[in-house]
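Given below, in the form of structure tokens, are the structures.
Both complexes below contain chain A, partnered by chain B and then by chain C.
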Partner chain A sequence: MADADEDVIHAPANASTQPEVDLSDETQDFRFLNHLNFFADSSPGIPRRGEKDFEPNPTELQADVLAASRGAMHNALSYPRLHGAKTRVIAFYAPDGYVPPAQPDRAKPKAGEDGKSSESTPKPARPLPSSARISPDACVYVPSPKGQFFKTMGQADSSSRVWLLPEEALYLIERGSLDIRWPSPSAGPGEEDLSVPMSLQAAYACFMGRGGLTLERYSVYTGLKRLGYALVRAPGWCDDIEPQDTDIPDASQAAPAKLHGPGLAGILGSLFNWIHDPLSTASTATGPIIGTGIHRHYMDVYRKLAIIPWYDPVTAPERHPFDTSPPFRVVFHIYKPSTPFKKSAPPAPDFRIAVVSTRDQTTMPTMTQLGALLESTPLDPPRGEKMERMMYMRLRHGYRNVVMAVVDQGVVSYLRIADSAFGKEKLYENKGGPQGPKRSRTNQKPRKR
Partner chain B sequence: MDKPVAAKSGPASDARPPRAPRPPRPNYRQIHQFPLPVNVHHVPPVIPHNPLSLISVALSYLTFLISPPRQEVYSAYFDKTTSSIHVTDERSINALWQMGFFGKGSLSRSEPSWLAREKKRRGLHNGKTSEEMTRLRRTERRELKLERARMEKLAIEERLKAEAAAREAGVSEPLDQAAQSTPTDDTTNVTAATTEKFSLKKAKEARMLEEKKARELAAQNAALAEQNQPETSSNNKSVRFSPIVQKKEFLSTSPSSLQLPDSVVDNLDSDDFPNEEHLQLSNEEAFFLAYSLGALQIYDSPSKLGEVQSTSSITTSALLQQFCHHSFQPARDASASLLPDDPFMISYTVYHHFRSLGWVIRSGVKFGTDYLLYNRGPVFSHAEFAVVIIPSYTHPYWSETEERKNYTGEKQARSWWWMHSVSRVQAQVLKSLVVCYVDVPPPAASLDDIGALFGQYKVREFLIKRWIPNRTRD
Partner chain C sequence: MDFQPDLPIPISYVSGRYLLFSIDAVTYLRREHHICGVLIGTLPQIPQQNVFLGLPLELMPEEARLLVDKGVACIVDEAKAHDGMNTLLEEDRRRYLRDLESQGLHVSRIQSDRKERNREQTLKKLEEKKANAKAKATASAAAAQTPTVPEEATSTPSPKNAAIVDLFNAEDRSSSPSTALASTPPQGAVAITPATSYPPLSTPPPSSHLSAPAVPPSYPLFAHLHSKGYFLSPGLRFGCQYMAYPGDPLRFHSHFLVVSYDWDQNIDIMDLVVGGRLGTGVKKGFLIGGAQKGIDEANSEADRVDTVRAFSLEWAGM
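Now for the complex of A and B:
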């Protein structure tokens, strides 16, 4: 029954069991858009997609369905997108980047050069957000922010203006949720409304390439943002900071790389084995490694066989984010929509993502690059009762993990990379045998492994 | 109208007919109880409060001292022309397959089962080999698909009929609906007409084909049948909805395929025929068996047919050299120096690493990877992991000169497209992709200590899986 691998291919294409069906890969049936009500905001549910025909057939039914789908799409696209008077948010472009509030326009003392003005605020009960967190790359400010977007975007300064990063501003203007104005030469507090609105083209021209924002990073940002994730820039955003010194970490990495086969334990083990089995003639020089004597247990045999050193992710030293080679560096921290996210104190990210352009970096990372990328993420060993029970899950989860977004001319494919130490799972000690009998596949409820 | 829905969702779940109960499987647990072809002798347990147990332990030691049990050593030969290891001894073949799943039958897909299949064919043996089971399953599946296609076709035809009827009704009585879209009505009329013609033509074709076939069968002309073969297969696509044609084709081909071997068989003694199959070991498997377990002795191949094999086996260090030279195509000259990043060295490092952890590791060429990892063995469970190997050169030696940098850069380069195709294939066959980097040491001074040589390599595994943001939102 060694053929069994082959029938896996022909497994029934059940949508619930197929792990890799990505709905966004398919041509869509747009009729579901008909059920969307654009005028009433009382439809929170996401509409279901229709069924798909694989071949054209001459029935009128199919033609009608196709026409209806097209009509629905056009209908949805032709819906006028306007800035509602109520939800309108106006922002101003600051070409010189963040400037601390100069005028004490709200009866506030002038902030310091770096914006640290918390000691001079009149209301100590509510600590003002520290302006120090505002990135120097921020170039758009919103004087009166409102709406849900500012829950996860932007940073407020001491005069409660929210400063947006280029990608945030671009995302919002593209979405139609923000009206960015060019700075007017005589910008007074009251005259701001007279300034000229910025077009989408101008926004792209102004923000793309500013402060390390590349088109690849922006596609990843918007793609995930539209799915509801919250994204913040990671410390490794800047490419300019080169690895501080590549030689030192290499040496320090080489030092703790202890051989897991013949160590002290190995010597002790062989001594014990010698007592245990005096006829052993084990020799790694010319073999046989396990010797020609009497073997008492297969575990001993396997232990003797372990001569190949392997990498242990637990003992490996953690690296600084800048100690990685630039395209393979975490640039975004990602939070699931379900994760409670607070701008002022972001929790530990759910995912860390590195963005790679296939046109600049044409090959896969080498072990050094990939290893450095993973070592710059914190240790995340498999935990939980389920993980303890299931070895395959442990191996798949790994000890560290990172998501790599590979952008090929605008097409983003994400890869989750995990540092899985097979050497830490001694399969031969596993008494239980494989999880789940092979026959389970033919049962009524197949469990895909 | 219910039919198309049923036809669409059916085949996946409920349309599958209940399978005939399979014949009981052999007791694999018993057959493959030993994970490696190494004899293991357990010591009787010591029970502290029972002095007799001590005696039994002492006795077992004594018997081993007086007459040590012999470790079985199997023999194989290295075939230089094909760079492969052959095991021809029946007992060795069985032992190596049953204990650790080493090798592959040269005439079988995996387990050497040619003899059983041949006996079955000659009616000497009943029971089913795995190859036959697969064939059966495939026929079953093909029939299912044909049935599904037929159902879909039926549904479409019914739909067309209904639409034509509705149109007739619409035309006969002046309706306000007809006014709104006359051009589309026209086109649909035309398409409907063509389809009806089309299906009619198809039916005609099918009938003609059947008639032709019947005539051919009557004539019993083998040459004509062969000529017709490609024609039927090309027509097959348009007529695939009709199961009759399929059956006919099957019937017409089956006697011709069976006839020839049978006539050959008849003049053979059907009871006694030699096993034409041998077990073929990969170089990594052979080296593992010879060097690590000492369970295999490898001889040079007999240069002439009938010549006695050379009596002395190849030493492990000579074997390593030979395998390394044969890891290139064509094999390198025997005098060439050993490279530390020789493909054999790297693949053996990975092979040994996973074997020493208890995995049954076999070639993954079927899935476009280097290796597959089985838990206990292929008869027990599907492979969960598929391994691809990429060399890595982190040692400072490799970045000393520009030439070496270029060389290593070329060696470790893998394109994103390659990565994506490998990972998508693995997802489709429900395996997890393991990218296994092997850190290559600088060239070694001597090859005397093989263990120390392999101890310089280092293995690091990364598990790479496609991440679908839509599915991790919670």
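Now for the complex of A and C:
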């Protein structure tokens, strides 16, 4: 048992190019981190997985190795979050949410001190119409943003302060890239600055649960951010919003999708109608399925034999994002690192993701829930030369797709759910057959005839 | 390493989940109580990967409950506790800022020391190179068979190197006092984001502790396996409720895929086949179990744990 187990582990280690092994699947030995020099400028590579023992035995050796592993883990986890003088980015926590700058001319040059003092005075957190872009959930602002992160995160207000959503602020403070300060009680112009830095614990306490952010959503957000993806909140972020009072996001978000959705659906739908002549099956009640006419081609016969109705994802109605049942609702739009991303005008997302917590949702989604989720995504038919050629790729890609992140107590699994159209793949029309082994069969076919 | 934190350890209750932020608590619970949790945070030193994760540590409600029942930990409503930040006294603020600054100075001193050492090492290497080049040059000159041009070519780098060395030395000399000077004013201190908020907040009083976490019906089996020395972690990704490890998952593979059933629950034979084949396929046993006593029959969860029975399934000859 042990040997076979070890063999399985060893094989991928030798062939380091195998992409199937997900290192994050298992608890890793933190001793590998010791080999990395964190003070070096070059970014360290990811260490390979190590050997594990089958079961504990009372040897000193095993105890020592375990102690070393735990020591390495302790060291790695106690590494502090540091902000060097050059790279330090300071932000301020605004417990009341977005507050428009009191005096734009004053806030601009020295936003660090002045902006803060204006924060501390109780003010209604109503965004100005000019800064309507800033989410009411934003609660951290950066007076002088610098660095790469603000390319994909945050929203700037009229005095060029960047406002961060809770998950953005939490991600940045956690990776040690942002120094968030508590609002200081009374920092007059001449007084000493007594704003206290926020700890990681405080950031979790203040940001988690704010504006619909759950730990599960954050786990997905931060996990994908660490891999380099850009994420923005999808219109379906709010669980409690009803379809009626969502006209504004509806107009901005769903309209472009609808533009190309039904258009393409219309074309494909008419194509489908042309192929699948409803008249051919009309006579099943009264006579033979294939009718009594003369058939000159197998194709006609097969076409008439297709009497079972099938689901066509192309003709399915487009659904509003709010017409789904949480948690089976798209909450993030995801962009690959290679996709050119602009904060002000995000392009069509590469992936859409719904986040499910296993402790709140303990059953599989029903067909209705899943169907609604898929229908809330725009039509994404298989395209390209490769898809044309390969039927199974086409089936796997499907006509609509969504990624479901299932978070089990911090362990995230991603599932891609696609709406395949098996009914669209007419095997009898496939002259060459889908792949190699079938070709010998098609060669026999003419002979039979 | 063998640090003993003050008991009970406060577990942060944040937005319905149980988190730990103190590294000492994490190490202690892992070492003494076999509670591993799941690390969910980004490691600041290598932030762009998902293989090694850092604090905070997320605990299952089962784990938190177990620790609370043992008296090792208590549950603290972190959002409420942090309301105390607004009423922090000015002298407390000052003291806290001063503490952080001295920590920051310490770190920046370590960093500059390290830089110094690195610089010395590169200097040594350069020195060696220079010596080698010289030795080569003299050797080639002594041989006197090589034409003069390559000799010059080989010898030219050495003065250049020397110049570089001088440059480094000069920078070294001028920079070392300046760094020493710079570390005295507050600008030299590296700013630190602390992991926990205690200090500046004081430990919350026992009266503010929340009650023990609510647990799913699988808790008795969880507690039973834990009492037998197993390390348990969430297992949905692997097709079960819990993964049971014979020792610390840092060093050992898991032995069982664990699924809990109620005592009188009908078990679909297909579930047993599926679980059994899955477990055997990944060289693990499929373990099912449950408490004989229901929640109504027992006085406490601990009572139920004593009545747990567990069975393991393994496919023979696969």
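Assume the second predicted complex is superposed on the first by the 262 of 449 C-alpha atoms of A that agree within 3 Å, B and C clash if a C-alpha of one lies under 4 Å from a C-alpha of the other, contacts with A are read in each partner's own complex, and residues count from 1 in each chain.
The rule is simple: contacts are C-beta pairs under 8 Å (C-beta built on N, C-alpha and C of every residue); 3 or more make two chains touch, one makes a residue touch a chain.
Note that the structure is predicted; figures quoted are calculated from it, not measured.
Visitor: Now for A:L227: first (chain B), second (chain C), both, or neither, which partner does it touch?
Guide: Touch partners of A:L227: chain B and chain C.
Visitor: Quick one: is A:S344 in contact with chain B, with chain C, with both, or with neither? Answer first, second, both or neither.
Guide: Touch status of A:S344: no partner.
Visitor: If you count the residues of chain A that each partner touches, which comes out higher, chain B or chain C?
Guide: Touching more of chain A: B.
Visitor: Quick one: is A:S144 in contact with chain B, with chain C, with both, or with neither? Answer first, second, both or neither.
Guide: So A:S144 meets neither chain B nor chain C here.
Visitor: According to the stated criteria, A:H295 is in contact with first (chain B), second (chain C), both, or neither; which is it?
Guide: First partner only, chain B.
Visitor: Between chain B and chain C, whom does A:T87 touch in the aligned arrangement: first, second, both, or neither?
Guide: A:T87 contacts neither chain B nor chain C.
Visitor: Given the touch rule stated above, what does A:T358 touch, chain B (first), chain C (second), both, or neither?
Guide: Both partners.
Visitor: State whether A:L200 touches chain B only (first), chain C only (second), both chains, or neither.
Guide: After superposing on A, A:L200 lies in contact with chain C but is clear of chain B.
Visitor: Who does A:D408 touch here: chain B (first), chain C (second), both, or neither?
Guide: Both chain B and chain C are touched by A:D408.
Visitor: Please identify the positions on chain A that touch both chain B and chain C, taking each partner from its own complex.
Guide: Residues common to the chain A contacts of chain C and of chain B are 1, 4-5, 8, 23-24, 223, 227-228, 358, 406, 408, 413, listed in rising order.
Visitor: Can you tell me which positions in chain C touch chain A when the two form their complex?
Guide: Contacts found on chain C: 1, 12, 14-17, 19, 21, 23, 26-27, 30-31, 36-56, 58, 60-61, 78-79, 81-82, 85-86, 88, 90, 93-94, 96-97, 100, 103-104, 107, 111, 114, 187-188, 190-198, 200, 216, 233-237, 246-253, 255, 283.
Visitor: Please output the residues of chain B touching chain A within their complex, sorted ascending.
Guide: Residue list for chain B touching chain A: 8, 11-13, 19, 25, 34-36, 38-43, 64, 68-69, 71, 109-111, 130-131, 133-134, 137, 141, 156, 159-160, 163, 188, 191-192, 194-195, 290-295, 315-317, 349, 352-359, 366-367, 372, 375-376, 378-385, 390, 392-394, 396, 412-416, 418-420, 423-424, 427-430, 432, 434, 437, 439, 448-452, 454-455, 457-470, 472-474.
Visitor: Note which residues of chain A are touching chain C in the complex, please.
Guide: Residues 1, 4-5, 8, 23-30, 33, 36, 38-39, 43-44, 46-47, 52-56, 62, 65-67, 69-71, 73-74, 76-85, 88, 171, 173-177, 179-180, 182, 185, 194, 196-202, 204-206, 208-209, 213-215, 219, 222-223, 226-228, 358-359, 406, 408-411, 413 of chain A touch chain C in their complex.
Visitor: Using the touch rule from the top, collect the residues of chain A that touch chain B in their complex.
Guide: Going through chain A, the ones touching chain B are 1-14, 19-20, 22-24, 51, 57-61, 63, 223-224, 227-229, 247, 250, 257, 259, 261-262, 279, 283-298, 301-302, 305-311, 336-338, 350-351, 358, 362-364, 366-368, 370-371, 374, 392, 395-396, 398, 403, 406, 408, 413-423, 425-430, 433-434, 436-438, 442, 448-449.
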